[in-house]
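Consider the two complexes below, in which chain A is the common component and chain B and chain C are the respective partners.
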Partner chain A sequence: MEALLTNLLHALQLSMLYFLLAVGLTLIFGLMDTLNLAHGGFYTIGAYVGWRITTWGGALLAMFFAEPGLNDFEFNRVALQYSTEFFWAALIIAPVFVGGAGYLFQRYVLHPLSERGRETHLDFALLTFGLLFVIMGSMELVFGTTPLSIGMPALLTGSIDLFGLNYPVYRLFIILMGIAIAILLYFVLDRTVWGAIVRAGVDNRDMVLGMGINITKVFAIVFAVGTGMAALAGVIYAPGASITATMGARILVVTFVIVVVGGLGNLTGSFYASLIVGFVDSLAQAYKPTVEIFGTEIQIDLELYGIYILLAVVLMIKPTGIFGSKGAT
Partner chain B sequence: MSKPLTLESAAWAVAALVLLLLLPMIFSATTVDWANEVIYWAILCLGVNLVLGYMGYVSLGHAMFIGTGAYFLALFVDFAEVPLGWSIPLVVVGTALLGLVVGAIVMRVNRIQFLVITLAIAELIHGVFHQIRATGGDDGHSANDTWRVDLTWFGGWDTSESTGFYYWNLLCLLAVMLVLWRFLRSPFGSVLVGIRENEQRMTSLGYNIAIYKIIAFAVSGAAAGVAGILYAQNLQSVNPEPLTWQVSGEALLMVIIGGRKYFIGPVLGAAFYIVVKHLLESITSEYIIFLGLAFMAIVAFFGRGIAGYFVDLYVWAKRRAGVGRPGAPAAEAGE
Partner chain C sequence: MRTFRITATTIAAAAFLAGAGVAQAKDVKVGVLLGFKGIYAKLAEQIMQGYDIALDHVGRTINGNKIVIVRGDTENKPPVAIQKGRQMIKSDGVVAIGGIISSGIGVTMAKFAKREKTPVVVTLAVADVITGKFCNPYIFRSSFAAFALQSGIGAHWAKKYKTAVTFGPGYAAGYAMVGGFKAGFEGAGGKVKEVMWSAYRKTQDWGPMLAKAKASGADIIFSFYGGSESVQVVKQYKAFGLKMPLMGGHWLFDKSLWGAMGEKNVLGAIHHTTHTPTVNNPANNAFVAAFKKKFGTVPDINAYFGYENAMSILLAIKAQGKNVTREGTAKALKNVRFDSPRGKFFFSKDNNAQLPNIYLVQITKGADGRLYRKVVATLPGGKDKPGCKMK
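Entry: the complex of A and B
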């Protein structure tokens, strides 16, 4: 029973991480019809920028507060201790930085190109795909190939009692973050003028333009928000895992599965699909039952492909995704 | 469709062929190794471009075909103990069947979904071969004997060394090109171009476009399967590496850089990519930055790729010589 509850919470935690990526991708696709294949790249940059902030912050503090006369090794150890608390700074700065980069990319690269008549979705998908490779290469060039990690801040270490279960605070933090972002997004999109503009842009772009709204700016801001959330996911994920240049690749494929299962461009769909895919992925890793076929015991290990089977089944039944894609009737 | 085969283009083809035949005599042994690498990539790219350039669908899953092609060869020769001469056609049939099955799953979706789903299915197959213990899982499996075809009966043609293997590769490349060229110049090829330009119109004209898409995907997969055979023969081993999404991605980069609108584009792209990659490798291991940027520039500003530049150069030279009619349109494959 306890094991089941732990697994379910783990699944929820994974779902929320996926949601942070999927919702950005969905927002961007819903509004601009651009499938941002570089999304995993922005996630990777987020994690690396987060790492840079924590290490620089730690070194800076150590320079002022460490006892004088330490040798390099001891100094680095002190700097590392200080660096963990800069996770909170990274949580804010990295998304802003990456979101800014996303803003510039949409405003000054993608949009001018669409103005020049290169408006097919596929050209943009290809362009961002090239960017993904460029980002992965650049990260390796700048930060090297050794996996890096961010220390866990004090507030997130240890575990707390939850329904009579000892659950890590860090994982609980991810769950709460995901839910908070989901509620915030729902509020902004559903209850504010900004949200109304975005929703109108998804439904009928020309009409929004006709109302005298600067759609170029809206596009760039939404792109920034989407990529910023990818970076946020990158920073959140970093203390629990290692940062590598290719970390964005696998999670990008999972995110694609989510946006297709949820229906391309469908925001609520992407939330539910994150839950479905997160649970399938997580439980496929946790449960590997053995069955007996023709007298030989075979272990059903769906860890690597549970979600792809889900995708294939969904597509065979409903090609527009469970919750219907944008523009599909 | 493209212009009929003229005496002039035939002369160009013969000149290129002679150059390729003389390549091992002109250049060093390293170049021959590079050429062997270029050829299996070129064949993979020809397969990718059948779907991308002619049908207008971006596939991010062709790694599944080159990967399973390599694994099928290993499974047939080393595990099922089928003679090598029979294994090769069986592998081609096997990858074509895989293409039929996958094509049947993906043919109902739109272009954006197609990209995502081919990627997902390729990852699925990657996962499967990653786990199969019989073929060594992640470590892969080395050839029990040799997987290279024994052609010593043909004037002592020795495929076990690099130069001899190069000619075998070249033979395969030409065979694949000939088959695909014939396939794409048939009415079937015209229907594919029609699907690229306007699917609804093709449906209205009474074509069952689903069947066309599935068959095109299968043929494309079979071509990539041939690339898998050459990959396995080149390494004399198989591993899950050619099944990764990076392989599909790099093939896409090559096709776009080479020029998706031209039949020869993928081959030029593969050659350019591999040569640049090896030249840059001596400076930096992050060659992908440069190639990624080149790719982005070509997508953004010059969709016709290297082949397009060649055509422009050719037209310009002709005009300068006063032979070509001014303003004669450049010949584009499938247009």
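Entry: the complex of A and C
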């Protein structure tokens, strides 16, 4: 029972992490039909910016509050202690910063490109895939190859008693953040005028333009929110793991699977798809089935192939995604 | 007149060539195959630093012969390594080839060494097959084999613990390292309760594996991970507060990862390694002092590997006297013995491999608040995986 509960929590945690990663992509790919392969790049930048904010913040506080006369090593130690609380600042600033960069990218690179008629998926794919490599390379150049990490704030450190189970607080925080973001975005897109404009723009661009709404700007904002979400995921991911220049390339496949399985542009769909993919990945690790073939035990590694099987089955049976309603574009 | 002039020129040319020939006889050339550009550039540079110290140590002129190091850039590709190696033999006339970082090139060069009857001494490349399935009288390895290191530590932990579970990334290196541990641990009476593989470069969450480890009730978790995956495993292990110790090699607790792991997560952790700069023996102290004097920093592990690689080749050259040949070097390498920073260095009779010692290292805090690697035990090195038929 305890093991089962732990595994379910693990699966939920991983699902929410996946959701945070995929939701930005869903917004951009789904609502705007822009294939943004650089999504992982924005996620990477978000993590590095978050790291920069916490370290600079810590150093700044240490300059004012540390006892005078410390040597470099002792000073850095104090700065490191102060830096952990800047996690909260990073959680807000990094998405805003990266979202801003995303806005400019859409407005001044992607938009002019589509204005000139280069708006097929391949055009965007080539450009953004290139950008992903540019981002990975520059991050490595600026921050080096050594893995970095963001310190955990005091509030989220340690573990708490949950149904007689000792579970790390940080993992519960990831679960809560995933659910909160899902509710927030659902509310904005479904219940506000802003959301209505975005949805209308997706369905009938000319009609929205005719109503005097600057749709170009709306799309740039959606793109900014999408990339901001990637950055948020980067910051949230960092304290429990590590930041490396190549972290963005590793999430590319899994996020696209979620977007496709969930149905393009379907926010609720991608939430459920995250749950499916997260549970498959996590439970596959917990309960690895073994079969005997010709006397040799072979582990069926669903963690490695599970999502591809899922993707293949979904595309065969319902190409618009399990939760998708509109035709695949 | 014309005939005479031509003859004179010919004689002059012949004299020049003969002169060059004489000069060449005085130079003993050693080839070094490394990936000087790309991902191994830094490693290659550190290895060459080790070479430099070894040359200072043994002498840049041995038995009256000037030693010349010929560099060859492998571009990290086996075919290029072969091409450069052939060039070294045919046009430079090297007596031995050192270097080689990756296992892929190591395997290629093992076959090459046999075909060309040229001694090749591998600097790093830890794949078992290089001195196992592909072993021959011309291939040597101055670093260690994955199996030797991990089976050695497995045998040691079996004395202290009864049961273990293992974690590792599901790809070639993971299988070799964890397989070595399992063989050593079970060979010495331990029992590996479960072998768990994560998806290499995909797994983000080790929670389910840690939960399984906890449920298994094993005494220790043995793991092999490197880089960012090490950071994740160590952090998540700590977050769940498991009682069973997490063991692993120096890849798991590499110094460059301590910052990302956080001090409280690494303090007190014990790991095993083939070498660490704080090992206290005369050879190591002398090496560290010489290195600091020359390069102004503490040597990296790769500088040690470069040093030992160069030392074994240079001493084999020295043992031959004035006339140095490829065949002679291959024979002399068999008898090379010296005190290296890692311990007593010599190539095994069976398969030309070696691993003098395994060191158990604990991460401790010094009086100045910094973290240090403290050697807590020196263990005998393990044996290579059986399977070499020398021919």
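By our rule, the second predicted complex is superposed on the first by the 323 of 329 C-alpha atoms of A that agree within 3 Å, B and C clash if a C-alpha of one lies under 4 Å from a C-alpha of the other, contacts with A are read in each partner's own complex, and residues count from 1 in each chain.
Everything below uses one rule, namely that a contact is a pair of C-beta atoms (placed from the backbone, for glycine too) under 8 Å apart; a residue touches a chain by one contact, two chains touch by 3 or more.
Since the structure is predicted, the reported quantities are computational estimates derived from the model, not experimental observations.
Applying the stated contact rule after C-alpha superposition, one finds that A:304 touches each of chain B and chain C. Of the two partner chains placed by superposition, only chain C is touched by A:168; chain B is not. By the document's definition of touching, of the two partners only chain C reaches A:151; chain B does not.
In the superposition on chain A, A:179 contacts neither chain B nor chain C. Of the two partner chains placed by the overlay, only chain B lies in contact with A:134; chain C stays clear of it. Touch criterion not met for A:313: it reaches neither chain B nor chain C. When both complexes are aligned on chain A by C-alpha atoms, chain A residues 301, 304 touch chain B in the first and chain C in the second.
Touching chain B in their complex are the following residues of chain A: 29, 35, 109, 113, 118, 121-123, 125-127, 129-134, 136-138, 140-141, 249, 253, 256-257, 259-260, 264, 301, 304-305, 307-309, 311-312, 315-316, 319, 325.
Residue ranges of chain A in contact with chain C, taken from their complex: 3, 6-7, 10-11, 13-14, 17, 73-74, 77, 146-149, 151, 159, 166, 168, 170-171, 237, 240-244, 247, 250, 254, 281-283, 285-286, 288, 299, 301, 303-304. Those residues of chain B that touch chain A in the complex are listed here as 56, 58, 105-106, 108-109, 111-113, 115-117, 119-121, 123-124, 126-128, 130-131, 245-246, 249, 252-253, 256, 284-289, 291-293, 295-296, 299-300, 303.
Only residues 170, 196-199, 201-205, 207-209, 211-212, 215, 227-228, 231-232, 235-236, 239-241, 256-257, 259-262, 368-370 of chain C touch chain A when the two sit together in their complex.
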